[in-house]
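Multiple structures follow.
The same chain A turns up in both complexes below, where it pairs with chain B and then with chain C.
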Partner chain A sequence: MPGATLSRWTMSYFAAACLFLVIGEGMMVIGYGYPFAGVDAPETLALVHVLAIGWLGLLMVGALLQFVPVLVAAPLRGGRLALPVLLLLVGGLLLLVGGFGALAGVGGLSPGVLPLGALLLVTGFGLAAAMLAATLFAARPLPLPARFVGLGLLALVATVLIGAAFALALSGAVASDLITTLLIHGVPLHAAFGLGGWLTLTAVGVSYRLLPMFMLAPEEARGTSRVVWWAGSAALTLVVVRIAWLVFDASATEEPLALAGLLAAVATILYCADVVRLFRERRRKAVELNIRASYAAFAALLLSVVMFLIPGARAAAGEGAGAIVYLFVFGWLTGLGLAQLYKIVPFLTWLECYGCVLGRAAVPRVQDLVREGHSSLWFCLYYGAVAAATGSLFAGSPLWFRAALLLQLIATLGLAAELVRARMLSSVAEPLRFPVGTPRPHLFLPISRQQE
Partner chain B sequence: MNPAPRELDVRPILRSGGEPFQAIMEAVNGLEAGQALRLFATFRPQPLFKVMASRGFAHEARELEGGDWEVLFTPRETVAPVEVSADAQDPEAWPDPSEHLDLTELDPPEPMVRILAAAERLQPGEVLFALLSREPVFLFPELAKRGHQWAGNFDETRTTFRIFVRAGKKG
Partner chain C sequence: MSEATNETVCGAIRDALRMIIDPELGRNIVDLGLIYDVSVEDGGIAHVTMTTTTRGCPASEYLKEAVRNCVWYVPGVEYAEVRLTYEPAWTPEMMAS
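Let's look at the complex of A and B:
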């Protein structure tokens, strides 16, 4: 039967993701990892994976478990795997971070846990990708947003497999010239697959569906959106070509990467033009905070991609273009993630609690679950802090970076507190809060089946 | 599978000086859903293309040997297939809707609230009809949970979703 139901474990994914975001930002506040260590230092690897897997990965998988069925108007396949996948991903991440910690010289840990962590992560992400791909496969022909998600899942699989090869090499479990070559040249490709392929393409696809929904804008796929998909596919293919080339020739040319970067820029510019058009054509004149905060993320996306392509800016951005990558991860991916959480969490909570009494009893509106005034200040502080942190990385000032990160952490905690308030229905006035027959929400666990 | 095209040869009518328009329209009205019309004429029937386009047909014309023309009119598949709830039997036989709701200008999830509230007011077996600007994917399971049946699809422009809801027994 067509339709989408609530994904039981999505809130648990979101809660774990927010926890890892706070941990990651906390690590930077106390000066752990880049820029206080090298880009390829084990400390930085630990930090990067807490953020990329713990925060962004769990956020995205949790969101897709809920929204892929919405994209294709069909039920999720294999939904019972949602909890095992969450446990595998969290367990795998902790082992991976433990392994990096051992490489950084933390006592009592062994790099030997890296392959085990990689195994859990490959299994977890593999199962997640299989559930989502099976759901998409059953709903062909796919609408354009779902095709972006399909592409993102392919990139996810590639990212995780390359990462697993790195884990084998770093643990010393496997020594081969091939894996060593991959480790020397392949780290930017692993990052490009993960941040650009998996996280960005998937976010782009979901936004093509959610933005028109939230703004009442026309939803039909435009030619420009199709070009974005094709440019994204071509860029990913070129990265694959580059990796395959490395296998045969370690001194291979980097030309495919330059072209992939150009394609990514074309895709980014067209995507930004699309979201501006959606904004102009919206029928809902007053836009909510989640939309305003999303547009700040789009600006960060455009700015970071354009700067990445300007050689001077890239050189000024520090080792590994750190300042630009920071803007991409925290301005674009994290900014968009927080903005959408701010909409999705109240909506899912509202549906979970009031779904069974809708039309039978007076219920609050979704927007009554949040305090837009407070949250708006937190978002301003958040984006201001991201801008300051990016600037301090360009300026090469670790002290200012830590100060900016402290503000960013405070803003993140403020937003997380707003999400907790929404979950607990704290902002809802008393007579409407719990009409007869409504289940009480749990902070991050699903309502038990008896209550449904 | 669409049924095989229906064939209509108006050349005898044209050669005898007659006007084939009525015969063509009768043939068009007699087509099954999804069926195409293959027309034979003594000239390229240009004015007919516009008439048929307005009725949702695309055309493909080719000249035959001897100067006659064959035109294949195929219906454009613009209407999305109707989706129905698992227990909705024979929606064509449902009674006429007793309530009509235009919810196209409301922000989600307000249309869902309105439809569920309206369904509460129906007597078992009564039907409501609603227009929405989105496919209400979260509404479907909620209707099923309450024992209501539904059938709906997008219109030709894919901008409006139309749904019939038939109230189940009061639970």
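Let's look at the complex of A and C:
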């Protein structure tokens, strides 16, 4: 359909992302990686990248392929690259995890696959960033939400390049003082770019557009939102300064990072104030589950950032502030991701199935594709389990951590089952389910070209 | 066709458009205030000016096509032209209470 912007492969990205989330949570349930191994152990590296690239990375790229055109009201550039990018990212991740497995002593694998995995990931993320950046570039001047995405893409490139340097060093393919220094001191910077820059700034930008859309709240950018962008930009710049400093002096001061942390805190507080204001000013009084679940994620963001700034809390959070990072990744990023999937999947499924018969037959609403009561219970269980897992990490109790993770995995599977039901239109009452001319949805395969 | 007849067809078009819902809000697009203008010229040529709740929404083209299909089948309409505009942008205040 000319002019329409329905991303062909987004549902495949989402399916792969959910699969990696389940795998990652399953790894923790059986005691693989942190806290059963050190934060820098190969097992933990494998686990972290399954979650950061497999779950969050694929989720974000898939969502941006659909929503960057919405942010800038312009068609996606280079949309044909969506499938190659997906294959490159999944292939690169599997090689990377295989390389970490080899470092952990798994037989039949070689650390030599790490550079190849990194090459595929650099290519995949590079192409994704190029598609999205070209779309943004063609639509200048950019609205504020799109500027957040632009910033996030810059952080993505930095994250991936630093990660590739790590892969070269860990595989033994390259021996260089510079890369060794980066490996020793740069892991927190790699994480800051990835979790704080790429994933968080992008999520913030998209939420500035989606929340007003779904709640019918005022869309115009406020001064506080602009300050969030500038504070985020400044924090990222300081991380770059820290890396550049490391190149010349391995014992360089960490002051830029402390300042970056303060800026991140300011940005977080203002962002949370913005989302509260949007909620208060909404015209749609009925608050749907995706919104309620998103606000739980905002609370987790605020709590994790504030705790990170308190030295005592950071020290109590275990090695590498593991408990706080856990809350950030699963309370904020994953919680928001699941909440938005709960809205986006039914919405795209509705367009795919009922868009072409609209005006010719009675059709259900998007809300009719989901069971809010069941899903509410899964979200409550999910956030309760995340809180329990975070608490168990603070308490240094791996056994309770595994028990909490089992509940978290069950909740995730429950939510995934609800998404599958939405895809299959299982909740739609029979007279409205398949009006004449309605295409049958594919579970995770792409939509046909006629529906694009 | 007389002016009175054209007005009657305009009314019929608005009634017909009430079967189209905004998928997210679940209300029909007429009561949501998404139909800015409906006019019918002699010869049954219908012009509809509409908007969507947000610019760039993936549902925009589907809604526009649905309106075109719907108007086409209204008795008295021989040709339907639908224009999507964001001037002025839709606001929640445009919804019928």
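Here, the second predicted complex is superposed on the first by the 444 of 452 C-alpha atoms of A that agree within 3 Å, B and C clash if a C-alpha of one lies under 4 Å from a C-alpha of the other, contacts with A are read in each partner's own complex, and residues count from 1 in each chain.
In the analysis below, a residue touches a chain if its C-beta (ideal position, glycine included) is under 8 Å from a C-beta of that chain, and two chains touch if they have at least 3 such contacts.
Only a predicted model underlies this, so the values are computations on that prediction, with no experimental measurement involved.
A.B. asks: With both structures lined up on chain A, is it a clash or a fit for chain B and chain C?
C.D. replies: Once chain A is superposed (C-alpha atoms), there is a clash between chain B and chain C.
A.B. asks: For A:Phe347, select first, second, both or neither according to whether it touches chain B, chain C, the two together, or no partner.
C.D. replies: Touch status of A:Phe347: both partners.
A.B. asks: So, A:Gln66: does it touch chain B (first), chain C (second), both, or neither?
C.D. replies: Only chain C is touched by A:Gln66; chain B is not.
A.B. asks: Should A:Leu262 be classified as contacting the first partner (chain B), the second (chain C), both, or neither?
C.D. replies: Neither partner.
A.B. asks: Which partner reaches more residues of chain A, chain B or chain C?
C.D. replies: Counting contacted residues of chain A, the larger count belongs to C.
A.B. asks: Check whether A:Arg283 is in contact with chain B, with chain C, with both or with neither, and answer first, second, both or neither.
C.D. replies: Both partners, chain B and chain C.
A.B. asks: Return first, second, both or neither, reflecting whether A:Glu220 touches chain B, chain C, both chains, or no partner chain.
C.D. replies: So A:Glu220 only meets chain B here.
A.B. asks: Tell me which partner A:Ala362 touches in the superposition: chain B (first), chain C (second), both or neither.
C.D. replies: In the superposition, A:Ala362 touches chain C alone.
A.B. asks: So which bits of chain A does chain B touch that chain C touches too?
C.D. replies: In chain A, positions 1-5, 69-70, 73, 213, 216, 219, 283-284, 347, 350-351, 355-356, 358-360, 363, 365-366 sit in both the chain B and chain C interfaces.
A.B. asks: Under the stated contact criterion, what part of chain A meets chain C in this complex?
C.D. replies: Touch residues, chain A against chain C: 1-6, 66, 69-74, 213-214, 216, 219, 283-284, 347-348, 350-351, 354-356, 358-360, 362-363, 365-367.
A.B. asks: Which part of chain B faces chain A closely enough to touch in the complex?
C.D. replies: These residues of chain B touch chain A: 83, 85-86, 105, 107-110, 112-120, 133-135, 137-142, 144-145, 158-159.
A.B. asks: Chain B touches which residues of chain A in the complex?
C.D. replies: Interface residues on the chain A side: 1-5, 69-70, 73, 213, 216, 218-220, 283-284, 347, 350-351, 355-356, 358-360, 363, 365-366.
A.B. asks: Show which residues of chain C lie in contact with chain A when the two form their complex.
C.D. replies: 19-21, 23-26, 53-63, 65-70, 92
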